[in-house]
Amino acid sequence: MDPLAGWRLDQEPYYQPAGREIEAFEAARASRLPVLLKGPTGCGKTRFVEHMAWRLKVPLVTVACHEDLTAGDLAGRWLLDAQGTRWMDGPLAMAARHGALCYLDELLEARSDTTVLLHPLADTRRALPLERHGELLQAHPDFQLVVSYNPGYQGVHKRLKPSTRQRFVALEFRYPEPTVEAAIVVREGGIDESLARRLVQLAERTRRLQDQGLEEGASTRMLVHAARLVRAGLPPALAARQAIADPLSDDAELLAALNALVCASF
Amino acid sequence: MDPLAGWRLDQEPYYQPAGREIEAFEAARASRLPVLLKGPTGCGKTRFVEHMAWRLKVPLVTVACHEDLTAGDLAGRWLLDAQGTRWMDGPLAMAARHGALCYLDELLEARSDTTVLLHPLADTRRALPLERHGELLQAHPDFQLVVSYNPGYQGVHKRLKPSTRQRFVALEFRYPEPTVEAAIVVREGGIDESLARRLVQLAERTRRLQDQGLEEGASTRMLVHAARLVRAGLPPALAARQAIADPLSDDAELLAALNALVCASF
Amino acid sequence: MDPLAGWRLDQEPYYQPAGREIEAFEAARASRLPVLLKGPTGCGKTRFVEHMAWRLKVPLVTVACHEDLTAGDLAGRWLLDAQGTRWMDGPLAMAARHGALCYLDELLEARSDTTVLLHPLADTRRALPLERHGELLQAHPDFQLVVSYNPGYQGVHKRLKPSTRQRFVALEFRYPEPTVEAAIVVREGGIDESLARRLVQLAERTRRLQDQGLEEGASTRMLVHAARLVRAGLPPALAARQAIADPLSDDAELLAALNALVCASF
Amino acid sequence: MDPLAGWRLDQEPYYQPAGREIEAFEAARASRLPVLLKGPTGCGKTRFVEHMAWRLKVPLVTVACHEDLTAGDLAGRWLLDAQGTRWMDGPLAMAARHGALCYLDELLEARSDTTVLLHPLADTRRALPLERHGELLQAHPDFQLVVSYNPGYQGVHKRLKPSTRQRFVALEFRYPEPTVEAAIVVREGGIDESLARRLVQLAERTRRLQDQGLEEGASTRMLVHAARLVRAGLPPALAARQAIADPLSDDAELLAALNALVCASF
Amino acid sequence: MDPLAGWRLDQEPYYQPAGREIEAFEAARASRLPVLLKGPTGCGKTRFVEHMAWRLKVPLVTVACHEDLTAGDLAGRWLLDAQGTRWMDGPLAMAARHGALCYLDELLEARSDTTVLLHPLADTRRALPLERHGELLQAHPDFQLVVSYNPGYQGVHKRLKPSTRQRFVALEFRYPEPTVEAAIVVREGGIDESLARRLVQLAERTRRLQDQGLEEGASTRMLVHAARLVRAGLPPALAARQAIADPLSDDAELLAALNALVCASF
Amino acid sequence: MDPLAGWRLDQEPYYQPAGREIEAFEAARASRLPVLLKGPTGCGKTRFVEHMAWRLKVPLVTVACHEDLTAGDLAGRWLLDAQGTRWMDGPLAMAARHGALCYLDELLEARSDTTVLLHPLADTRRALPLERHGELLQAHPDFQLVVSYNPGYQGVHKRLKPSTRQRFVALEFRYPEPTVEAAIVVREGGIDESLARRLVQLAERTRRLQDQGLEEGASTRMLVHAARLVRAGLPPALAARQAIADPLSDDAELLAALNALVCASF
């Protein structure tokens, strides 16, 4: 029985390359070097990892990092059973033992113990010490570590230490070029290209609002949302307001600016 | 056996639409896009979700967020049994597995681990990784996520990150128009329309006190409370004081201003 | 068997009304509206709730709130048994299930998860989601929620949010009028009226010391304590010092002022 | 079997009264009013409570408060047994159930949940709600609550709230008068009166150093320690240095001042 | 069977007295008074306690204090067994029950609950309340409490309260006199006296660097380390650098000063 | 059965000495003195420990320190079994009991309780008190303690106390000399020497950027990563960007400077 059967991807996840990122990932894969994906929200990092897992025919175990995720959640824990306690691998141990891509999303959100746990897996040792299990788990040859974060969030308390950073090869992600982005919106949102282009233009304008205090501009994901609302029957302006402007901010002035951009676009 | 039987609504919850929110919700529902409701206390967000659940014939699982709600509370936990440990889905896993609306009320109050847990459910993956159960739960086709918060509370430490916001379609709620609000008070409070109108006028005056330091003005819910006290025999001024003025503030000056408004109204 | 038998009041708790609070409580009771009691320490809030529980013939479940009281303490928990785990309702679930008044004393001391747990019980839903039990508990028709707090303590970190406040009808409590207070001291302290009046005068003087830094003046409860010490044989001045002056402050200047008031009174 | 047998005092604890504190305690005892002892370290508060417990023939259950003492530690907890879980009363519940004096030493060190737990026991309800046991424990008629604290330590974060203070009758303790203190040192330290007087004089001088930054002067307990070192063969100056000067401070200047006082005394 | 067999010292631990500390300890031992050892790192406090335990023929139970050591770790805990729960004494309870010296090293590092737990053991009560075991443990006649700390570390948050300090008799430790220190280095490090003297001179010079920001000068222990490296074949300058200079500081300027001292010494 | 079989090194780990560190380690090993390794990320500390473990034929137990690693994780814990609870040694106890090198990586990240736990193991006592197991574990004669940290990270809250530092002999690590470093890159990265030299030059330039705000320069490990990407087919400039420049910083200006260095190098 394949313990990672539920984590294999059956269908090719749609991914539109923006540069040489597939080639670079494959070069890192050749030595099983750990990979770090940097980039803003909703620009396709997660989709890229899904695509590479499908392409390389390896299962994909994803963990969303947060400050309450403990090393025990990742490594594993003892469960009580009718016959006593039984060890249950956490997602990281499971991926290391059986040979999956292990993708830790938003690593900056993780606590230090989670991050440090990656160190021996992310250098030539390729080992995960399971102190509570009394085991030094040697990673499967197919195992590889991928992490992502959004450099825009990095603050005083949320930084990766050099001892972590220097264990990874990095790939930087940006929003796709306008024609690529419009093609994605057409394909995923089910609308015509002319409307898709107007949505992409709107997104680019919101991204310029970052200088005026907007935390982050509209992602490709938001454009797909707006497209789907239109396909479900909402007029484009209302769809753009509810899928793009209203979720982007709660600040009255920024909302007014965003709504003016919406009105000017449709 | 329907595991969500206790979470189905038998009767239509009374809801008075204020705009195109039902249509917009249905457009988001067509693609199962997650929905974010923004608006002040007591303006009908919860009632709207109940109404939509009844209208769409899906069960409704509600979770009130707070800073001590853990990811384990939402996702599930192991219980000890005579036969050993047994897994018990949390409300979010239960809703995702069996196909309910899952409504997370006051999401700004939630801890980061709760919020991050929603990410893979709130994008095209529609999956909930149950690390402690060793399961990657694929959401039921009927599952949809709805969250709400009050933008007025948002402070330095209580903000939604762009990576969360950008996964949602947003609907904004405000207090109903005066005639709509009076109709709600007549229907829910059991009083005549003339008194209902006077209560609505009083509420509008309290809402203007926000500029003078009142945290939030009287909600429609408070007017219904006052109406019910009158129906139970209290004089309107006393009812308004106890259902509206006294609960709104503990500040001596604001209380004096509120009581003056009550006196002027009845 | 009545699961709340131990929580029924057999004897009428003595309560001296100060205004229309009994009538107002009964009007709120007609619609089962939740009630909020505001007022200083020792002025009779708890006694009033006991009196109303006796008057309405409903059991009374009291919970003293504090910052370490968890939602699990209120809602319930799993206990381990010879047959495995067994659910045990917490006081709030027990009151909601079997139809008691549930009185949460000093709600400002409670943590946010405790407070938020009250929300669905305190609006038209009248439900308590017991996530850990997988149950949406519908409150018994006799169930009603009563909370109290002392507005004088409210600080930056201890405030009720509007979304909590606006769910309640409020009753404000103050110290009783002098003649009423003296009658209470006579009845509960077992002394003659002349001494009771002198104690009430002393209390009123201490209450004026709040402008000079005393946190709170002497409560009716303290006067009853002093009366009982006199009845047990202590001279009035010594009794007043030990029951009133010494407990009120540790500040040397305030103690001197309080002792001067005691000397001037006897 | 007497469940509190281990907590009864067989021998009279030596106590030298300093004023009318025995009479005052007995007056409070007549109505079972809770008693608050205020005073500096080592001046005899604990000994007084032991003496009163012996005098009144009630068992004495003592709890040293600290910030990690939980309400569960005081109230009780479930223990796992071959037959399942078994309830075990904490010291407060044990004292309330079987009728002991319950003495909470250094109440200012306790957390808020510990302090609030005392409220229903410390007013006319005389009840302890054991939420986790599903029991409203009515105190035994012999039960009485005694607490102590050192007002000198009270800081911003360590204050008793009025709602706690006003439930108690207070007795203030100071260091004994010189002749009384010397008599205690003779009796407990086994030295002659002339040396005891010199130790008391030294103690009084250290107490005056509080104006120069010494946190607290030498207590009667320290004088007894010095006396015992002398009785065991140390010269008085060395004994006073090791039992009084060295423990009182780590500050170089204060130590020099203390050692000068020791040299001047012997 | 002797439950403390593993804690008895078979061989005399080498200890070179610096003053009358053995006599003073024995005087405190006569009345079982608790003893407080003050002094810098590595000056022989621990060795002194081992020596006294051997001399007095009592077992020695040592606990290294730290801020995560709980009262439960010291007092004991319930363990689950095939027959249910079984109580297991912590080191403090074990020492008190069976009559050992209990030595708490670096008491300033302990949490308040640990410190307060010592109070009833450290006065005439000589009792340890084991609330969780429902037991008031009376200390064995041979039991004695010894604690140590380094006064140089004492900061705002790490102070002993007077109520703790005043329960102890204090002995102050300093670095040994040069000839004594050299004799210790010869004996423990296995080198000749001339080299030992040079190491002691180097240590004295590093101790003067405390005025220039060095946290603490070289201890006797470090000199023994350097001596052993020399005995194992390293040249003295390299040995002194690795055993003394490099461990003492990470600051570039202080390291340069330390290395200059090393060079000047050999 | 050898309980540490999984922790023995079968093959010689490649290590290129930079000075007399092997000799110095062996001198410390002769007396089993604990060793402290200081130096920047990726300069070979971990590899050196692996090499020494292989050279000395002792098993190596490595623990990555972090702020959530508890003393219990290191010392051991009770596990529940069909026959009751069973003790399981933590990695430190396992290493001490069976005679391994125990290597605590990044000790500055550890909590105080972890650090204090090392004290009795790191002096002449060579003992680990397992309070929860009721055992004073005497270390195996082969046991030795090794710790490492990066002095560059040391901040206000992350410092080793003198009482910890002074128990260790220290070895300082730096980046290897250019020719040594190039040899390592050739051997581990599988590229020719000319490219290796260019990578080493690039690394040296990045190390000079520390004056301009770069937290740490490129480590030898990063050069090996770049070499491997080249061997897998990426052009050197792209490889250097993804293995060196992009992981080193997220700061726009520093990234521009790093990329300029990359361009100038290839």
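Going by the order they are written in, the chains are A, B, C, D, E and F; count residues from 1 in each one.
Keep in mind that, in the parts below, a residue touches a chain if its C-beta (ideal position, glycine included) is under 8 Å from a C-beta of that chain, and two chains touch if they have at least 3 such contacts.
The chain lineup, named per UniProt: A, B, C, D, E, F = Nitric oxide reductase NorQ protein.
In this text the structure is predicted, and so the values were computed from the model without any measurement.
Engineer: What shortest step count links subunit A and subunit C in the network of chain contacts?
Structural biologist: Contact-graph shortest path, subunit A to subunit C, evaluates to 2.
Engineer: Which neighbours do subunit B and subunit F have in common?
Structural biologist: A
Engineer: Rounded to the nearest 5 degrees, what angle rotates subunit D onto subunit E on CA?
Structural biologist: So the copies are related by a turn of 60 degrees.
Engineer: Is it true that over half of the residue numbers where subunit A touches subunit F are used by both copies, so same, or is it different?
Structural biologist: Different, since under half the interface numbering is common to both chains.
Engineer: Which chain has its C-alpha centroid at the greatest distance from the C-alpha centroid of subunit A?
Structural biologist: D
Engineer: Please report how many Å separate the Cα centroid of subunit B from that of subunit C, as a whole number.
Structural biologist: Here the centre of subunit C sits 30 Å away from the centre of subunit B.
Engineer: Using CA atom averages as chain centres, what separation in Å is found between subunit B and subunit D?
Structural biologist: Centre-to-centre distance between subunit B and subunit D: 51 Å.
Engineer: If you average the CA atoms of subunit A and of subunit D, how far apart do the two points sit, in angstrom?
Structural biologist: Here the centre of subunit D sits 59 Å away from the centre of subunit A.
Engineer: Do you know which subunit C residues sit against two or more other chains?
Structural biologist: Within subunit C, residues 80, 83 contact more than one other chain.
Engineer: For this assembly, give the contact graph shape among line, ring, star, complete and other.
Structural biologist: Basically the chains close up into a ring.
Engineer: Touching residues of subunit C toward subunit B in the complex: what are they?
Structural biologist: My answer: residues 20, 23-24, 26-28, 30-31, 33, 36, 38, 70-71, 78, 80, 83-85, 111-113, 115-117, 119-120, 123, 125, 129, 131-132, 134-136, 151, 154, 161-163, 165-172.
Engineer: What part of subunit E is in contact with subunit F in the complex they form?
Structural biologist: Contacts found on subunit E: 6-7, 40-42, 46, 62-69, 73-74, 77, 79-83, 88-91, 94, 105-106, 109, 150, 153, 215-216, 218-219, 221-222, 225, 228-229, 231-234, 238-239, 242-243, 246-248, 250.
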